[in-house]
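In the two complexes that follow, chain A is the common piece, with chain B as its partner first and chain C second.
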Partner chain A sequence: MTISTRRKRFNRLIKRAKGFWGDYKQNKKGLFGLGLLFFFVLFALFGPMLSDNHPVMDWDVGGRRVPPAWFKYLPGFQYLVPNLDPIDDVGFGDSDELSAWDIETNFEDSFTVTHSTEGYERGSGPGSILISLDSEAIEPSAANIKISKTFSWDYSNPPKRFRTNLNFKAEGVEGTSLNIRLVLVDAKRVEYVLWQRDIISDTIWSYPEYKVDSYSIKVKMIFPDGVFADPAHIIFNGTGEYEFYFMASFDNIDTESTVTTHLYVDDLNIELRGTSYGLLGTDQWGRDVYSQLAHGAKTSLFVGLLTAFISVSIGLIVGLFAGFSGGLVDEVSMRFADMLLVIPFLPLLLILIAILGQSVLNIILVISLLGWMGFSRVVRSQVLSLKERTFIEAARAAGGSTIHITIKHILPNVMGLVYVSLATNVPAAITAEASLSFLGLGDPSIMSWGQMLHDIVYYSAIKELYWVIPPGLCIALLAVSFVMMGFSLDEILNPRLRRR
Partner chain B sequence: MSLKRYILKRTLYSIVLLFFALTLNFIIFRMAPGNPIQIVASGVRLKPEMVERLIELWGLNEPLHVQYIRYLKSTLTWDFGYSYNSLEPVGREIMERLPNTLLLMGVSLFFAIVFGTVFGVYAAYKRGSLFDLTTVTVSLFSYALPTFWMGLLMIYVGGYLFGMFPLAGTMSRPPPLDPIMRIFDLAWHLFLPGLTLFLFQYGGWLLMMRSTLLEALHEDYITTARAKGVAERGVLFKHAFRNAMLPLVTNIALQIPGLLNGAILTETVFSWRGLGLYTWSAIQFTDYPVLQAVFYIFALVTIVCNLIVDIVYGYIDPRIQY
Partner chain C sequence: MSQTPIIRVRNLRKLFPIRGGGLSSFLTKEELFVHAVDDVSFDINTDEVLGLVGESGCGKTTLGRLLIRLLEPTSGEVYYRDTNILSLSQSEMRELRPKMQIIFQDPYESLNPRMTVLDLVAEPLEVNDLIENDAEKEEKVAEILEQMRLTPPEEFMFRYPHELSGGQRQRIAVARALIIHPDFVVADEPVSMLDTSTRGEILNLMIELKALTRSYLFITHELAVARHFCDRIAIMYLGRIMEMGTSDEIVKNPSHPYTRALLEATPVPNPKSRKEKVNIKGEVISPINPPRRCRFYTRCLMAEEICSRLEPELVDIGGGHMVACHLNQG
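Moving on to the complex of A and B:
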């Protein structure tokens, strides 16, 4: 092929595409569908970037099952509190961080509080507070030290949950009895000892964990209501200055001994999980609903497009083959398609996925292997009618082989059908995947819109509209966009339907 | 070929289809991981002789073709074995649930056809008007809305917001003793799932009816009728609608598999005690005999509906080639 013919052909292609676009532009439905699809593609590509939260793995990014942050502007939702970290994760990376804390002790001479470069590596990096107690310098047998920080709470309503952290290491505690505790003081100066421990022997850094969690039974049991208490509700009972402190009390200090006691303190923080979060709130486990929606868009588009592509390809190949070769091939393939058509789709899909395993690739494969039949019949009948046309006869008379005729003459004439079928197969695949996930047979490692709706039913959260509306609406809108595009393609490519 | 031969041919073909479905059903569950003994006796250690007895009881030691023939025989005699979960005969459990599913499907299908046809005809007749635009848009959305989501919204609006309808179930517990009250109670429970399944189908019916009628209105015989001076109403009902009825009849059969999908989802959302919910719970328990039976029944329903439509078609369409 010379370059000039290639260019000619390319120009013709461009011209045809322009002509098609000119027709398509006239079609309001089609433009609406295309615009909607464009929006969803953008959302699937860039939506996940707007949120750092993993849709499945990141639990407790906000309070559990809380509405979006913007709900507070709605009447009746003024009580909503956002997430707050009044005392941010303190790694004590340098001595400046130490100076932000108030240190109080009853025997200043015996304690030295310094910054240590040692710290728990797996926590927030090196660096910690080092409290050293020189036992010789002490007069009485008891001494204590308090490291505190105050913060203001400006909301009249409590947060959903609070957690505090602490990591420590003790050296040379033999001969003393050491008690360490974490205390929260509310605006009315009521002290709540949330966690305490007697240290009787040397310890090492422990795995960083929340020492205090208002959801844990241990903390709830501090309060009179026991397991029914909501510590966040009890402690954060009004606006004002709150204080959070760590206290170490030494008792029965053996003044004869020459051992110096070292206590390293690291990762001291408090985080408040609010009663509202982000753009779309959180789910049962405090996961970000917005992030789930954005990742779900990716899943839905991926599953929908790939499935439609595979099933339409299969349908096209089977239809072309059956239509053009006729005879036994035609009979067998069409009967086979008939048989698959009478088998109820969803039960078969459910059973196959239950047997093959719940992975997204299995879902795509099974849906596309069950979705080609209708299209193959359409293609076949089109091929049958094309076969009788004179231009095919002419091509055959000119000595064109079956493959040549099929590719060069038949295929271009059924491409219109292919586009329409693609547009109608995508929403079908999206809905099928959503139904599957909704019934609990989706891929558990990735988030999809059907999975979100499944969670809603599973945790009976039908009343949480901020969580119920987005996924369903997205499925519907995405499906509508493809259906509309399918309609308009049909109208453009099928002259019978043109408005007269 | 006479009509009789046509019907005979269709019937034979349906039997072949049924046979195919049965075979597929057998193969799928042979492929399934885990053998029945592992599933039934999960967590229990059985003595080897007990395992052997169970294997004999289920005929798992026999060659595959013997198992296959026995499976065909028992399925055709409505003997589906025992549920792994409830250990009740599956046939009996299905017969308890089948009427509920048929009720749900039948009622919603009936109303969907009636409303879809009426509005579809009117929309096609008034093509381009505001009525046409709104009905098409509404039905497009109801067509595209996921069934289960629609169900959730129904529960929210009808059940929570207004508190008019029950949130789940098929009957009050305990069911009312008076038979008339019983029917009312059933209807009360049926309303929301029925409405959901109705909306699921309504859009599709309307759009199909509208497009078939539009196509029929562009045929030459319509022009002829108009030229003859037939009143517009007569053109619409006597000429266009009659011919558009044929695809409508075929579509009933084509809709049945889709309707079954919708029924499974709707029943799951509303805990409607039908075959859909039964399927769903069977999947949760990997209850293979139940799945096998339900699968067979769904295929049977589809094939029988197809057959009926084929036969009806043979009677009403004079153009059909026997």
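Moving on to the complex of A and C:
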């Protein structure tokens, strides 16, 4: 009998749920809200997977502050070019990666170019290129070796920026004069020496003393316009074959000595950062805006739901307690709630976050500790009216304790309020978090939509619509989805509002 | 009907304070009270049904709730067997609750709309730890539902109150009260909210199920119903008992002018009979701080001078028939 009745009970539950869904389905606002929320949940779950870029840590994944790639189809944006990475893998992890480069020398016999398993520790990949010069097998005049990569630039417009990379180590250079350099050659075969250095003694692993980068002042100073020059603009002046090479020139070689000179080269690379990037462009530091938006959705949903859950729970407990016990407990808790209610919300929030520290958990804690008062008053009033109902008296007459009455009789009758309040508290929490982040008190290690808006204002990018609209719209839409669901829940669970 | 009474009530009194609006409570020192139950004493014997009859607002319901301590009295004593239940602590009182149950007037209000019939009926069992598992719970509930003629019980167990008719709801309420076999049940106008046909059914059920309990306090405003159901009847007026005796004695030999007025007000289901005698006048006086005189004085056609000076005591005029009237103490 128990099993069959249990199944019946379960069936009743299913029937009730179906009945509720039937009511909900009729409600256009509710469906709209639910659909929007569903979209955002999917976005928060799967959105970050579509982009490998970390929203905070991965700088310069594209040109800085560039619009989305698809902007080039819009009138007036045809000049946009994408990123170009001539080299796929720069780590020299194994000897195959050498084959991406062309290697030329003027003394074939003297140089041996091999792959070494030793590499720059903090670079990418464990290996490097090892250039060995056997001094005995060479004439004492200049010998040089060039490691080059030719790539084609198919756009008439220049990239936003180029960056190069190099790590090197020299051994056995005593008595030899060694010069190494990084050179970029344009389509008209004009050579631009971006960096060079004479090496007179052995070195540990080193890298150029300035970043060999089109944004670097040292690189700009190569050109007549100096600091006002844009090297990327000058060098990439048309379509054609471009060449990037590393060259090592040996001179005054001491043929008497038996020392073999070793030059290790690692992480040799050039990257061209275009004037457009990805789905939603990049921010001030060349970070992926799409990735920020997707991770921001996660943050916003997490903060919104958790905060609403905590604050509604606190409000429920305080309201139940105050309403049911009455007297002094009621007075004290409600006056305390009133006190919190009259303190201006945002200034208090700012001060508390400034004191407690900017972490997402602190933000959740503070927003929820300041957000329970209104709901506790609602619950209290509902409990006060429920308390006088006959069925509560009947439960007491049956021998029920206060705890039993609260849990079995009062709580189920205020749950409708709880659902509605949850739905309406979420957007409040989301916007509160966005406000905090916007004012610069967000969690700097986590990207949120408020943080994005903060960056936009901080870097005066209000006019960059591709960057402004996504976070602003998302905050508004997510808030709207919860408000819509709250309204429809209110209409369904609160029979007085039900339209027949 | 001769053992120790199951319930003894002594000088029970319940006054509800009336709070004036903000300022007036500061300005006046006089405190106003509604004298809902005013110095009432009576016994309810084992296996006895005591009817409590009176008009609306006379304090019947308040008295019923005082007896099982759903309300705290202002003064007086209520004994269940030998325990003064008013001296018990909250937890001691909870242990005694299964012995005393109440059936409320309005079945639309007394059942939690969010609980199934199974949970509603089993609640007294569950809160008093009288069942061990779900199987036993369902078995006991099915048994009482069957006794309540709610068959088959499986049909009803998983319904919610809003899926039941008024009569069915009241049967659930009765089942709730009787499932733990209490010694004493307060039935607070259990049939006044129901239509006539259902009313008879429920009353007959309650008579049949007398075996499940020992004694009833049956509160009603209809003398006819009380006579049908009760062994003894107490007539209440404005918080005081006016007359008390066996049902037959009260109906056949009413000694208080108010009882006589009540009896004559009982409708006779005969359209040709014309009632002409009106042996009552005026309106019920306010229960707020009533003057120290016979409560019925202003309405009594036979009132004498002594009635305006003294409140009559409840006196035995023979055979357990008690009357509170100056004119009937000779």
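Following the convention adopted for this analysis, the second predicted complex is superposed on the first by the 420 of 500 C-alpha atoms of A that agree within 3 Å, B and C clash if a C-alpha of one lies under 4 Å from a C-alpha of the other, contacts with A are read in each partner's own complex, and residues count from 1 in each chain.
Quick note on the criterion: contacts are C-beta pairs under 8 Å (C-beta built on N, C-alpha and C of every residue); 3 or more make two chains touch, one makes a residue touch a chain.
Values in this document were obtained by computation on a predicted structure and should not be read as measured data.
Engineer: Taking the superposition on A as described, I'd like to know which of chain B and chain C A:Phe438 touches: first, second, both or neither.
Structural biologist: first
Engineer: Taking the superposition as given, does A:Ile147 touch the first partner, chain B, the second, chain C, both, or neither?
Structural biologist: Neither: A:Ile147 stays clear of chain B and chain C.
Engineer: Of the two partner chains, chain B (first) and chain C (second), which one does A:Arg389 touch, if any: first, second, both, or neither?
Structural biologist: In the superposition, A:Arg389 touches chain C alone.
Engineer: Between chain B (first) and chain C (second), which does A:Ala397 come into contact with in this model arrangement: first, second, both, or neither?
Structural biologist: In the superposition, A:Ala397 contacts chain C only.
Engineer: Looking at A:Pro344 after the superposition, I want to know if it touches chain B, chain C, both of them or none. Which is it: first, second, both, neither?
Structural biologist: First partner only.
Engineer: Counting only touches as set out at the top, which of chain B and chain C does A:Arg12 meet: first, second, both, neither?
Structural biologist: Second partner only.
Engineer: Looking at chain A, does chain B or chain C touch a larger number of its residues?
Structural biologist: For chain A, the partner with the higher number of touched residues is B.
Engineer: For chain B, which residues are in contact with chain A within the complex?
Structural biologist: 17, 20-21, 24, 28, 31-33, 128, 140-141, 143-150, 152-153, 155-156, 160, 211, 214-215, 218, 257-258, 260-261, 264-265, 268-269, 279-280, 283-284, 286, 291, 294-295, 298-299, 302-303, 306
Engineer: With touch defined as at the start, can you tell me which chain A residues reach chain C in the complex?
Structural biologist: 1-2, 5-6, 8-9, 12, 389-391, 393-401, 404, 408-409, 412-413
Engineer: Would you mind writing out the residues of chain C in touch with chain A in their complex?
Structural biologist: 65, 68, 70, 94-95, 97-98, 100-102, 104, 106, 109-116, 123-124, 127-128, 134-135, 138-139, 154, 157-158, 173, 176
Engineer: With touch defined as at the start, can you tell me which chain A residues reach chain B in the complex?
Structural biologist: 338-339, 341-348, 350-352, 354-355, 427, 431, 434-435, 438-441, 450, 453, 456-457, 462-463, 465, 468, 471-472, 475-477, 479-480, 483-484, 496-497, 499-500
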